[in-house]
Amino acid sequence: PSPKSCSLEGPGANRSLPESEDIVVTTEENITTIMFNRPTKKNALTNEMYQDIMLAMKAASKDNSTITVFTGSGDYYSSGNDLTNFMKISGDLKQVAKESSITLRKFVDSFIDFPKPLVAVVNGPAMGIAATVLGLFDAVYASNRATFHTPFSGLGLTPEGCSSYTFPKIMGRAKATEMLIFGKKITATEACAQGLVTEVFPDDSFQKEVWARLKAYAKNPPNAMRIGKQLIRSTEKENLHAVNAEECRVLQERWVSEECMNGIQNFLSRKAKL
Amino acid sequence: PSPKSCSLEGPGANRSLPESEDIVVTTEENITTIMFNRPTKKNALTNEMYQDIMLAMKAASKDNSTITVFTGSGDYYSSGNDLTNFMKISGDLKQVAKESSITLRKFVDSFIDFPKPLVAVVNGPAMGIAATVLGLFDAVYASNRATFHTPFSGLGLTPEGCSSYTFPKIMGRAKATEMLIFGKKITATEACAQGLVTEVFPDDSFQKEVWARLKAYAKNPPNAMRIGKQLIRSTEKENLHAVNAEECRVLQERWVSEECMNGIQNFLSRKAKL
Amino acid sequence: PSPKSCSLEGPGANRSLPESEDIVVTTEENITTIMFNRPTKKNALTNEMYQDIMLAMKAASKDNSTITVFTGSGDYYSSGNDLTNFMKISGDLKQVAKESSITLRKFVDSFIDFPKPLVAVVNGPAMGIAATVLGLFDAVYASNRATFHTPFSGLGLTPEGCSSYTFPKIMGRAKATEMLIFGKKITATEACAQGLVTEVFPDDSFQKEVWARLKAYAKNPPNAMRIGKQLIRSTEKENLHAVNAEECRVLQERWVSEECMNGIQNFLSRKAKL
């Protein structure tokens, strides 16, 4: 069963962002769920989706829920930034890179600053920004179908989502570099052994087991969980904001580099041939 | 064999805190051992035991031993703070919370500042503060009977013992949050895979194997070990003191919260029904 | 096949340090390889080799290669500092300790500051400084014949190569102390589980598999890899330099201590008896 049928549209579901289509937000049993819902495009993130996610997180931080969950609709969790975003660019490339950098920074800041326990239910492959920000989540449950892939270098790009700090911290530099710089894709089991993932479940029982567990967790006293989460975050919050700012500054330069132009061109032409 | 029969009361044992009953301190073959000795109460820590442990650590830091070991008598390592401590409170609750916060901070500081290699021999379940301070130990050997459990949120409480910093550093945030915020109990094998535990031994041979190893280690040049340990600690000592202060400040508020009152009431009434 | 026959002296190889004998440097297919080449002495590092490695790294940081690799010739990766270096000392011991401390600090700084992805191909046992600086590498591939051993305390010494910071960060303090303070030797498989090693390969296919992978990685856009690596390093570079300075300051005192004199004496006399 998809997470949708399983928990997002039950009778008690209470939509808080009804006008959005590619992002679906529901609240049930103390859990607010933000779902990537663009399954025909592997839940790739459009510019509008970045904005909608930030709005949804702002709302979730203030609603009555105790835990906030991200998940994906269909086979993918999310394939990350939709590279065709770059095709839609008109006007000055440098200006667009600057604006993209500002958006990315705000987007990642909203994960750094999120005040309640934040959980990812990774139903399938997670790529790019959808994979890197997992280092900012409080817990990450993965189906054994999930993979984690950050092929930045091949596109002439560099790590974001604070992964240049969180991944080495979580998994050690020897594993982090192979993912972030050499672009190696890892399985859910590997990601769990390396600490990026909390626990892996067989895909058959994934939705059932994870949601049962989350519903039990969501019954804990909300203030204790919220304050406890913020206590953990407080020891590195300032650091994370500095890392995010630096990553976005570097990417702004990368986006207008020849390596990046060539990398994205190659990616899109390979894709067009399929 | 219990650690007591195995090593703590041999002919060469030299008691340094004879007046204490719930904490037993012995020194043998360069190793000072501090044993939780309240087995009928799962080695839960009374207010007096906190004080005695601090005194024992102060003495151990100055004696001729090269390594200091914590262990438990009986089936448990320690079930952590004795919650009936809270029942004995008379007078102003806010004042008691303030004093408890000061005691806790001093107690954890004594682990942060301990100058010699500090080893835990975890003979059984470790809970609460007995589990969290393990992140401040230099090595942790566990019987396969040991478990690690920090059910703070259910009691309306938040992490202490620097665990809000050490656990995410050691095991990554995805695993640390499940323990510290969602209250998941983990096995010795899991704790070892996640880096909290150095090595797990079958309970049958646990005492024999661990003490043989520790006695060999204790023969290393003492200054090299002491200075090496302090070198490792120095890179984060200031940070740990700040974390400890913040955790205690937050707990002082938590202890007078409604969530905590209800949580402890529920715990004690469940226990009374057993 | 040794790494030499496999990739270092192919027809396209381009030596950049021809006068060196114990360190061999070659560049092929975008990869500069720095090989420890004193196999009859387990690739133990002489004073000249420290200097040659620093020169080789300086050259590699500026050449056209995209990745720099360290490896060893023969059965060992490297047994670390050649302790007979200490036998060659004439003149004031304190002065020699001071100069050794300055050399060590510069040597480790060259790893901290190296600007491109730095990879270790660990063909056999790695000891002492050869093991500790692995915590500063971006990726570490190991043969299942490799072991990792830092027996500092037994020699009256303390950790270097930033390992007092990197090892606890990578593997957690409980595992790091057993290696760095208690001198426990670990296998390649253990080092991989603990995050020090990226991946372990059967010795039979080690050279073939690792070099194929590295040649593929080396084709990635060079600026993206270089800038990405520096981004990861930037979050802790200042910290690493401070750790290195402190480790060298402490070692300078250790080298003239009685514990160290005795430790090295014992080591050399045990060795002489073999």
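The letters A, B and C name the chains in turn, as written, and every chain counts its residues from 1.
The criterion applied here is as follows: a residue touches a chain if its C-beta (ideal position, glycine included) is under 8 Å from a C-beta of that chain, and two chains touch if they have at least 3 such contacts.
Quick caveat, the model's predicted, so the values are computed rather than measured.
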Groups of chains joined by contact, in the absence of chain B: one piece
Turning angle required so that chain A lies on chain B, C-alpha fit (0 to 180°, nearest 5): 120
Fraction-based call for chain C against chain A, same above half, different below: different
Distance between the centres, which are taken as Cα means, of chain C and chain A, whole angstrom: 36
Touching two or more other chains - residue numbers and ranges from chain A: 169, 171, 193-194
Contact set on chain B toward chain A in their complex: 152-159, 164-165, 168-169, 171-178, 180-183, 193-194, 239, 243, 246-247, 250, 254, 257, 259-260, 262-263
List of chain A residues in touch with chain B within their complex: 117, 134-135, 137-140, 166, 169-171, 193-199, 217, 220-221, 223-225, 227-229, 231-232, 234-235
